[in-house]
Amino acid sequence: MANLKLRDIKKSYGKTEVIHGLDLEVLDGEFCVLVGPSGCGKSTLLRMIAGLEAITEGSILINDERVNDVSAAKRGLAMVFQSYALYPHMTVRQNLAFGLENLKLDKDDIEQRINKAANQLRMEDYLKRRPGQLSGGQRQRVAIGRAIVREPSIYLFDEPLSNLDAELRVATRVELKALHARLGNTMIYVTHDQVEAMTMADKIVVMHDGIIEQTGSPLDLYNKPANLFVAGFIGSPKMNFLDCSSLPEEIKKLSPKGATTFGIRPEHLRIQDENTLSLQVKTVEQLGSDSYLYGETIDKQEISIKLNSQTTIKGGESVKVGFSQSDTHWFNEKGASL
Amino acid sequence: MANLKLRDIKKSYGKTEVIHGLDLEVLDGEFCVLVGPSGCGKSTLLRMIAGLEAITEGSILINDERVNDVSAAKRGLAMVFQSYALYPHMTVRQNLAFGLENLKLDKDDIEQRINKAANQLRMEDYLKRRPGQLSGGQRQRVAIGRAIVREPSIYLFDEPLSNLDAELRVATRVELKALHARLGNTMIYVTHDQVEAMTMADKIVVMHDGIIEQTGSPLDLYNKPANLFVAGFIGSPKMNFLDCSSLPEEIKKLSPKGATTFGIRPEHLRIQDENTLSLQVKTVEQLGSDSYLYGETIDKQEISIKLNSQTTIKGGESVKVGFSQSDTHWFNEKGASL
Amino acid sequence: AEIKFLCYQDANECDVLEEMSSVWENSTGNTVNFEKVGYDVVRDQLENQLEAGSAPDVARVTNLGGLNQYYLDLTPYVDAGKWETNYGATLPWYRKPSGDNGIYGWQAQLTVTGPYVNVTMFEDAGVDMPEEGATWDDWADALRVVKSELGLTAGLAMDRTAHRWAGPAFSYGAKFHENGVPILVDDGFKAFAETFVGWHEEGLMPAEGWPAGGGTAYKNAAPLFLDGTVAMHMSGSWMLGNYDANITDFEWKVVPIPCGSGGCGAMPGGSGVVAFKSTKEPEVSASFIDFLSQAGRAGYFASNTSNITAHQGLQKAGIDYSGVSQRVSAGLSTFAANAGKAAESTPQAYWFQGYNKNFAIYGIVPDYITKAITGEMSLDDALAAIDADVAAKIAE
Amino acid sequence: MFDAVLNLNSWFLFFALYLLVGFILAKDVYGFIPKLMSSIGWPIEFTQKLFGTKSLPYLFLFPNILIFGLFTFLPLFMNFGFSVTDGTSINFENRAFSGLDNLARITQEIQIDTGGINVENAKFKSALYDTFVFVILQVPIMILIALFTAIVLNREVIGRGFWRAVFFYPVMLSPVVVAFLWTLILKRQGMLSQTLIDWNWISEPIQWLMDPNWTMFWSIFVYTWAHMGFYMLILLAGLQSIPRDLYEAAQMDGTSERRVFWRITLPLLMPILLVVTVLSLIKAVQAFEELYALQVGWISLVSYIVENAGIRGQKTFFGLGIAAMASLIVALILIVLSLLQFYLTRRQVKL
Amino acid sequence: MTDVIKFFTRRQGKKKASLTDWISYGFLFLGFLIIFLPVLWLVMNSVKSQFLLQKYDTNFLPMDYERIARATTYGPDGKDILIMKDLEPWVMFWKNLSDDERAEKDVVNYIKNFSGNEYYALRSHFGLVSVMAKDLILSQNLPDWLIKYPSMFPSAKKEYDPQAIVDSLVDEDARLLSEYLGLKPYKPNGFTAQILVSMMDPQTGELVEYSVSRINPTKDTVNARLVSNPKGGITKLPQNEIIINKNLKPSWINYTDPLTKKALKSFDAVRCLNNSVFVTIVATLITLLINSMAAFALSKYRFNGQVIFFVIILATLMVPASVLIVGIFKMVTMTGLSGSLWGVIIPGAATPTGVFMLRQYMLTIPDELLEAARMDAASEWTIYWRIIFPLALPAIAVLGILSIIWRWNDLILPMIAVSTTKAAYTIQLCLLDFNGEYLAREHYALAMTVVSLVPTTLVFVFLQKYITTGIASTGMK
């Protein structure tokens, strides 16, 4: 059980700074998810926390102790890697035991911890197999198991689900969340998939180009994005952004002062007449449960709409869509939310 | 412009038969998607159509001509490979020209076709680059371009999007669909992603273990799955299946004769009192626009629910969910839809 | 004390020496550790070992003069007078070029070059063998007849080294040196070189002999004699045991060395046992060698290895060769006669054998003569090159 | 046999001591292999504990670099030393400095010591020339054959593993055996002459290895025979690393087999082909053991060096210096060759 | 079988074999012949007797001709050539018998069955002349010097007059002593094993037997003597009309003699093989250990001088050991390794090829695994031997096999390090024992060469899959 504090962390590779001074506090037992587009520095940050990467500036505190100079092995953390990084030449049991052996624990203790973890993660059946003989989901579990047996104070995950196929990803994320509930440990989780971030996090940290854009609970970020970037990043399909100047008067008048961009999420658009935008539908995607309409406004700004049912609208038709005022977002020139 | 007929196609590798006798008709101009779980024989079938794989039994007809013994090159098809299979040592232009040179077309003609395709796919900027210098999406386009320049009668695609990241995949599938609309050619498209299948297909062919489970339009499959397999395969999250015997009397009485399994899609369940099932919610996933509830019935059958809004329900609560009778599915012992 | 004896073994020489040394070991309490190795090892490695200071105490060597800077002088440890009487003729071979009177090694075996003849072939061809005193030209004539009568590919083979070549060259009048300085190419040398090249051109000598060797490499012609390609092999006394044991399908004999205007030239040679300066046990090593050199031991060694002894006393008194076949003993006497003749008529043979850089010349001559035979060079150029190369190789 | 192993030199003692220390330090490690490995690696473990990871790479490199230093680089420096000194001795104190005299001895027309014609110059030049001819012919021929074999084996042939093994087998043989083997066949009275006479192709046996018309042919043949398999395997690996679907794409494009080879296989194989070419070039320049043991009718550069160095037979006063000088020239050639590879592969990578 | 046919006639996926298929298989088969015939030829030669090898026998199998004895005797009547039929094989090949086998035969009694020139010929053949002469000299109390007379130098011989003593003896004794002393008209009698051939007499149509000393396959005729009239001179028989009988006669002693120390007392095959096995195994282990350590450092760390170290290691690839022999010799001696097997093992333990190959392979091992191990509190040494080493096994196996080949076949290092320490000889050095200064025992050398091939061939047969696929999978690219 531990908390984590980052104080003005910076990281440079040679002359290029990739993390520009971050402050972050993760509370004891919290499930904290770092999201952000590829290359924004999520992994780098996580690896600095883990101790795998030297810290250029700033300090990392675990339980209020500065650990900058403590080696990875001694920080008491465990990490689950994107590719799992299971030792392919060892059986599952050996994979789990490896770290414990390095700590020179005695055999019985090792045995006991492995059995406990195996039980927890339902891996008993394949303790004797090698990673190569496991399915993606099973490997995933072993990777988590390897972290669990070490009984770390903080778990670090670097995109642990990105190698799984869609179905398994859904199942595993539910499982992981349940695990967190059961263990109650602090977990720091990196992903660039915002669905994962939304569904799993107690706290989401949205990163972008080496800085933190916003920190908060998932629904906070969804409902009250701090800026254009967060608004566009959270939610799928992406929020529609329209230039204020091109809005019909009827809508323009709703805009607060200084607003230059109007945002509305596709799922908040309805085929209705109030607050309407007219648009030309280009493609319709029917998923059975939902339908996506992709269209453009008269001045060629693209708009997507998500409907919660099957629709008879076809590509080429013109429709009018409306929204309720409470769902609108407005951003100023600098992209900040108003 | 061509149609395609498969008559009792079989394929064996050595002694193991992997395709067990398929009949299929793809109409002129149709966008036909083959879906099915991994290993069900989709690629094999496509490669037989392409002429890359010998046909063990049965016949393939293109425009009603038997082409079993016609070489791949002469069938007038073009194929886009999962890994794109671009020639890494040739520039994009050379990649596009290569097939045409084989046909001994004259230079002007080649030039013209390449320019047309480049224009169509917006590739003009990187015609002189090598595939190694392109991003995933750009490579994808080149691969399609290579098919287009050959002006084939039928396009074959083998999971062309599976190497792209989520965002790009969405964008490209819209683009591909638009391309189909523009060209009007017959296209046969393999995927195991059912979202792709639903959104792109005129006709979906659901395969399973070397046989065709169902053929039909996307919404047909969604609304009227022929059997348990198709019902479970199409739709995300997966349809909930409950044992008829464990249903409350109120619901059981709706069941047709011979039904053993009751199916209801997560998006058709609502928190309501009519036709209700009571369940214990285990996890709640809030996506902002939608929420997923995962729970189980009293007799531990798992059930998921998709709500079209944010919810305040928390894990651990008990809720009652209902549905309208028109959304129910019933299956008999053999799994066939009733 | 223990001494290490690096002994190269051709047939059974080291086994015999070991047997002999056990007597010495028992009587003195010293030990001799034999390393019986192949000839290549002594030829290629010994000198480097000597330089690096990791040499054995005692070794059996053939490059007698070449290693003289490393030899231990046995004079202080042995009865020098006795050695001079018994081995006076071979002791100079071990000495440094000028004014050296040391005693350095025991000439364990004396070898003499000379020809072997396939008697059966002469019989089958109906050709009478030239008698003792015949010239090389006489032999060449006889061999030509045998060759054509029997349809042989060639008549005469010679090992590819100047050591074999020198004997006939002496016969043709080659002097090889003037006052101890090598002067190789003189009229006699040239005369034999011309004859020799001519023999190859006409096919009297085989293509798989000299022309089949590369560079300065030695090449043994015995296989050509054994397999019946040629009727005569210019070889030496060391080959007796081998031929006696391995020739079963024709008769052979050793014939007296053919002569010429310059005499009846044959090259003496052989191997000797020496001790090295670097030894930590000079006295023991010297006493060991002294022991081996005693008449009784030397005779034992000669008779058990079918060799000619260098012990001058034994040469007079004879050795009991009753263990060997008659053909061998007949051969030994013929070779012994050759050695005598050579000593008288071509003293340059003894000089050449004692010359400390003779091994370089052994290789150089075949190298260029071969080129003359194959037509890569004219004979004149080849002879000039021999002179130039020898001059360069012996220059310091 | 153990007397030769234990032959107590201090190395062995040090090594034993080293292991012993490791063994004591590894007291809390269990299992034979873990214990053994910690016994071996204790200095590295120890250093990491005391000083962190900074110096570890050097420790990991140390044994290799030590051996390279002692047994490759010091000898190489000695060769420099030999090349500028004269004397029969291999000890520098007995050698006299002579500057570039040895270079003059192998390159000038006049022998600088005797003033006569210089035969060494001719020998060196012909060794250089013959080696050049050998390399120029052998390398392309071998690569062509290796490539052809690899292409054939890359097809769907039955028993591919068997054929692959067959073609690789000669690589397992030592040069001495290879030479022995082929001498049995190629000597004048050997199998080949005999067979050809039986077939009435030739009337007289031929001295295949010495005959100036044939010696180069058979040198190349035997050398290729012995080494082709190795390069064939590398090329085969290269062929197999070309994605199958490229071929399928080409098939869909209606490409003829010939065009597939020239436009797809060959260009994609080029990087490996280059590596193989340079490797075999280096090896061909270094060719020695087989040729020496075969007693072919020409002298390769390395043979020339070995013969002069006095490693075989009688030493001569200038031999070692001349050999060392020649070896430096060979080294120079090889360095140029490998720089060439560096340059070529660099360009290839950019592709 | 039908599968095979089907396979042969199948084209990639299609039904019929194409021209390219035929060319492919033709090429492969030709390659097979070119590679295996020489090896097979070596093996077949290794069971040929020394005699056949001397004759450059070109039969594929160890075949020898049927033999017949021909003797020459010298005496007062001049020279006589006689042919003896139906002698037992051991008589014919007396020269080839070992001492033990000779001791078993009672030749003294055996020759009593013969008389005249046949008797004299056999007496010489069995080497009884000197034995009997010595007996004679001792029993008749003749002077001692007679025994040594044949070996005296000519100058010494002049001082004695053996003829006088011979003249004093009776017929047979005089002949015996004369033969021993080599006095005229006696010369050593000859006894040879000739080839027995037969040919149809064109007139009578009967088979006539001839004795032939040599058949030169390149000539049209053979020189033959009539068995019935050996003295009648030779006739030239057309080679294609004669009938030659051959027998299969493998010479196993080529193998058994050296292996049982009968060939050369100093050749100890077991010790040679032991040493080679020791060197091969230990050197390979050390090579694998230190090369993989170096490769690990070069592939998985970043440190100052990394490139320089790498270039240094690659540079050693350029320098063939054969041109550095003198320097290597000096270093081996200076480090005190000479004369010990360690001198063979250590100098060759660091191989540039190995480091390079392993490094290339290790580059493909994901760094994440190392990081995972570091998170698992593993020390760098543990990471090396528990993670990197096992994961690089495919490449290490290749290097291992290459190292086995190199070490087993190595001649240069053993030459440098242990050539004067017989106890440390490896098999390749031992093979040189059969090269004397003047005498090569090719039959033994051949047989032992074949023996030396056995281990590498076994390694090859059992590991070829790893070798061939391993090289394919490693970073030789």
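Note that the chains are named A, B, C, D and E in the order they appear, and that numbering of residues resets to 1 at the start of each chain.
Note that in this section contacts are C-beta pairs under 8 Å (C-beta built on N, C-alpha and C of every residue); 3 or more make two chains touch, one makes a residue touch a chain.
Note that the structure is a prediction, hence the values are computed from the model and not measured.
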item	value
Chain pair that, of all pairs, has the most C-beta pairs in contact	D-E
Innermost chain, where centres are averages of C-alpha coordinates	D
Centroid-based (C-alpha) most distant chain relative to chain E	A
Approximate Å spacing (C-alpha centroids) for the pair chain B, chain D	56
Inter-chain centre distance, chain A versus chain C - centres from mean C-alpha coordinates, in Å	92
Averaged-CA centre spacing for the pair chain B and chain A, given as whole angstrom	27
Overlap residues in chain E, where contacts from two or more other chains coincide	56, 326, 329-330, 339, 379, 421
For chain D, residues that touch 2 or more chains besides their own	90, 187, 189, 311
Of all residues in chain C, those that touch chain D in their complex	43-44, 47-48, 51-52, 63, 66, 207-208, 211-217, 227, 229, 357, 359-360, 362-363, 374, 376, 384-385, 387-389, 391-396
In the complex with chain E, residue positions of chain A that touch it	47, 50, 52, 71-74, 77-79, 81-83, 85-89, 98-99, 102-103, 146, 150
Sites on chain D touched by chain B in the complex	243, 245-246, 248-256, 259, 263-264, 267-268, 270, 351
Residue ranges of chain E touching chain A (in the complex, touch as defined)	366, 368-369, 371-379, 382, 386-387, 390-391, 393
Interface residues, chain A side, partner chain B - complex	38, 166-167, 170, 174, 177-178, 181, 193, 195, 198-199, 218-219, 222-223, 234-237, 265-267, 282-283, 285-290, 292, 294, 306, 308, 310, 315
